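Dumping the structure here so I can ask a few things about it.
By letter and in written order, the chains are A, B, C, D and E; residue numbering begins at 1 in each of them.
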Amino acid sequence: MLPLENSPLARDGNILILAYDHGLEHGPSDFTDLPERMDPETVFEAATHDAVTSLAVQKGVAEGYYPSYEDDVSLLVKLNGTSNLWMGEPDSAVNCSVEYAAEIGADALGFTLYGGSNNEIAMAEEFRDAQEAARDHDLPMVMWSYPRGQGLKNDTSGDTIAYAAREALELGADVAKVKYPGSREAMEHTVQAAGGENGIEVVMSGGSKVSDEAFLNDVKAVMDAGGSGLAVGRNVWQRENPTQILDALGAVIHEGASVDAALSE
Amino acid sequence: MLPLENSPLARDGNILILAYDHGLEHGPSDFTDLPERMDPETVFEAATHDAVTSLAVQKGVAEGYYPSYEDDVSLLVKLNGTSNLWMGEPDSAVNCSVEYAAEIGADALGFTLYGGSNNEIAMAEEFRDAQEAARDHDLPMVMWSYPRGQGLKNDTSGDTIAYAAREALELGADVAKVKYPGSREAMEHTVQAAGGENGIEVVMSGGSKVSDEAFLNDVKAVMDAGGSGLAVGRNVWQRENPTQILDALGAVIHEGASVDAALSE
Amino acid sequence: MLPLENSPLARDGNILILAYDHGLEHGPSDFTDLPERMDPETVFEAATHDAVTSLAVQKGVAEGYYPSYEDDVSLLVKLNGTSNLWMGEPDSAVNCSVEYAAEIGADALGFTLYGGSNNEIAMAEEFRDAQEAARDHDLPMVMWSYPRGQGLKNDTSGDTIAYAAREALELGADVAKVKYPGSREAMEHTVQAAGGENGIEVVMSGGSKVSDEAFLNDVKAVMDAGGSGLAVGRNVWQRENPTQILDALGAVIHEGASVDAALSE
Amino acid sequence: MLPLENSPLARDGNILILAYDHGLEHGPSDFTDLPERMDPETVFEAATHDAVTSLAVQKGVAEGYYPSYEDDVSLLVKLNGTSNLWMGEPDSAVNCSVEYAAEIGADALGFTLYGGSNNEIAMAEEFRDAQEAARDHDLPMVMWSYPRGQGLKNDTSGDTIAYAAREALELGADVAKVKYPGSREAMEHTVQAAGGENGIEVVMSGGSKVSDEAFLNDVKAVMDAGGSGLAVGRNVWQRENPTQILDALGAVIHEGASVDAALSE
Amino acid sequence: MLPLENSPLARDGNILILAYDHGLEHGPSDFTDLPERMDPETVFEAATHDAVTSLAVQKGVAEGYYPSYEDDVSLLVKLNGTSNLWMGEPDSAVNCSVEYAAEIGADALGFTLYGGSNNEIAMAEEFRDAQEAARDHDLPMVMWSYPRGQGLKNDTSGDTIAYAAREALELGADVAKVKYPGSREAMEHTVQAAGGENGIEVVMSGGSKVSDEAFLNDVKAVMDAGGSGLAVGRNVWQRENPTQILDALGAVIHEGASVDAALSE
């Protein structure tokens, strides 16, 4: 695991990844309410917000738009991903090599692992290759660790999410991105499973859009539980005003503000 | 994504790809009415028409006929493709390496992705290798983005076609070749899904032969919707006189003519 | 496609390949009537006949017997092939690399493609690798193009055989070896599908043993239809006197003799 | 096979591997009673005990924690492993390359083979690559040889365990880690199957937690049967006081003490 | 095919391979009657007998025991093999690379092909790689050619065994190891199928233990049929006194003695 304190992925150990790979993973339906957000420039703009420590996109979006933002945005290239036209067991195509990601300026890398899928073993081996290549380039690796598939009874239980965080630690990720397990206590268990104080970083995955307060409460619980922050997409760019929620998230994640204080800003 | 304005694939940002891989994809039945068009020379001749910005063929046809036309034709080598004798889930054999395509003079490359096929993930990974090798050779990459296969409910809906265009953007294609979604409005949605003004180019796929007017109306709608042009096969070389329809297509695509004006030329 | 006029595979553009891979493809049963023909020397001897332009064998037979015949026989190494003990979908193991074939003295290469098999796509990708490596060694490539497998309704129709010839052209073979489609007219269609006058060469596959006259009539029809000749095994070496039929084939293929004239020699 | 007498994996030919890959293989449930043991530091501390000759962990745990213990702990990197979310036939993802394991300081390597699984052949071939690379780095290779899967009638019979030890010998492991076959006599048979006196080392796998006396009795029987020691996880770090059981194990394994003597220490 | 007369695998063209890979292929049950034979040294000792021209073992046994016998034993490394815990279609893991076999001192190589198995094509392609690498190292290649699997009606018929020998010739083996087809006449057919006088060598596979006389009668019939000898395991090392049967085998194989003469020695 790499020391992330001064990495371009974090600031003082705190992480706010703005995720924008939904065009591939979910398709145009995620943009129904705000069609202008199909234009990647609108989200690169949002990512220039001071609270954002990294912007996660697929290769093609990085190639096309990052060159205009390389001074203002820290780039996380998501190495794998798949459209939801796919109807097979959960799986994710490796769309970008580590070498190419490094060439186009990646500051960090992302990789999905579907633990419990019939493709888990193949994905873990693809992760191995990516992780070891990432080490050669000194690029931190974030694992989207999402238990999912036929072998899985319940993918939102605290133990499953803690297991997901542990897999990220054992397999050599630097950051585990996991679903929120529902409570601060469960999140503490997850952080411990990732190795605790000297373990890897754990960030919560933003999920589908909810109210500002509900969302900030979860993020605050993650921080209080020893988590390092958040990777968020829809809860930012599906809002009319991304700046407002990013201000609040910055207060909670980077300044340790309470939810009330963050909301009243 | 590569700037295509001055690429050999486009002229002033407008694209008219003449596609001639039907001998592989459909077999001799596409030539029943005009058997002489089985001779690739007849279509290379057509491709010397000024309106055509690129000719798309498979490796073997490129090897055999391009050497006589290298001064007059811009060559797009289609990297994958499969006969319709194939009865499995939609898939496409990679018949040509990028290195070899470059060696035989390719100015651009083409690659089919069947989103929603059980082979989508394997095809996306083959695309990755081709796309990254294409970057090394500065060759623009056109994705034939055709959702198709068991995971697919409706492959001609506007949302599915917009998703196809988005996949091309996210995965790193320079041009998305998609089915016409049926209306200018739907085409606008597709162009937006591909990133909009600063996104990748979108061209309509010609499809099976229709009347001149019906065909030109669709092409005009594509141009009006912000599309970059057309990739067309049967609607050109299944006509007795390819020059006539190419004249009209050139007027609509390169000169912005109305369909009536184009037809009356 | 390579110019074959002066290639070791052809003479003045005409081709007579003596094929002897039946020991692998069919096993000992093909030698029941003439067991001495199991000894490869007997067929290498036959291949020294002036009418034969190439002898097609698998790697092991080439390794063992070609060294004694390298001055008198032009060697075609068949790169893939499988025993008929195999009961799966039509497929063919790649038994020899192009590099090794070149090392042991191959003048030409052969490769089977089963269009319509569930293995068609994998075989086409293996063919790609072989074809591109063959180009590096300037070795002409003959495709045994045999539609066969679960996706196939009728593998002897004229259209299917024409499609087979077309696949060979599109994928980059120099010669298509196809079944005889039953008539000169159907053969003309097949030759046209392979590109016509400037297309690739088409040779008829000899098939199981028939009478001299019936066999020569088919060969004559192939030549008259614009085909380049024949690849024949059993109709030569299952005969007591291979010289006699090779004399007649030489007359029809290389001298343009009529069947009557060829038979009366 | 490598001479292990002076290897960092053994001391005077005796082996006590402390295994700590349960976070990956079993998940958080193995830590229910002592949650603090989820923190790898607690087990690295235990591994500094003089009786321990090697600590077995997955790549990510090695990367994160070994740097602080490299003077006090001998590192065995387990190359493959899989979460128990996996519901397919027994299999194990190769999570770490030999080259990378060597780079991060491994003194020895571990690899699981599930004989009788439908994945046995694929795993054996992965083992081949790892074993031959290990030879290049002079790293001893421990095979976790666990017959398991659909082809298996009884995975705890003496003959199956002896077969597992034999597979380790035949395939080129230096140490076979097998289940305890239930008696000293069965263990002798297993040691003989691994080649006997000049064969490879055999160590017993610790299994789930049992009483001190029961556990030590088995270990003593292994030593008396000619085994080389033990690889143990839960029976050490699921105990409140790992030092106590490690003292006793050290007495039995390294000093040849009786179980009574070891317990009374 | 390599000239074997002076190869370390043969003596004056005659071959007696002592095979000892049963620990992997059959497991401990083959050693029930003589457990001491689980110790590879006992069989290496037997292999120092003058009649033995080669000892066939798996990689791990070669690594561990050959160094002490390299002056007295000619080593054949069996490259593939699988435990009988495997319940899938007949298949064989490639456990050793040719490069590594050469490094540890192999004088010859062995490879199993299960013709008719659903894995035949994959195995033939693995054989290709091994055979071509073997040529680089000038190592003779023995094919264990055993038709077996779902596609097979009768694996002991003379025609099937002749086919097996032919596959070995066609695919480039130097020696075919086949089951005894039941009679001298059938064996002659098999030898002819392997190319006859100038073809590859054919040796009989020893099979399970039978009486001295029955066994020697079969071996004599093989020699009289033009075969080159024998590969034998259980019929040697499952006997209390391997020297006695090796004396007799040496007389029949190397000196052309009758069975009676060989038995009375």
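In this section, contacts are C-beta pairs under 8 Å (C-beta built on N, C-alpha and C of every residue); 3 or more make two chains touch, one makes a residue touch a chain.
Keep in mind the model is a prediction, meaning the values are calculated, not measured.
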Do the two copies chain C and chain E share over half of their interface residue numbers, or under half; same or different?
different
When the C-alpha atoms of chain B and chain E are each averaged to a single point, how far apart are the two points in Å?
57
Go ahead and note the Å separation of the Cα centroids belonging to chain D and chain E.
36
Quick check on chain C: which residues sit in contact with 2+ other chains?
none
With chains as vertices and touches as edges, which is it: line, ring, star, complete or other?
ring
Reading around the ring from chain A and passing chain B first, what chain order results?
A, B, C, E, D
Quick one: in the complex, what on chain B touches chain A?
1, 115-116, 118, 120-122, 124-125, 127-128, 132, 135, 147, 150-152, 159-160, 162-163, 166-173, 189, 192-193, 195-200
List of chain C residues in touch with chain E within their complex
21, 23-24, 27-29, 31, 35, 38-41, 58-61, 63-65, 81-83, 85-88, 91-97, 100
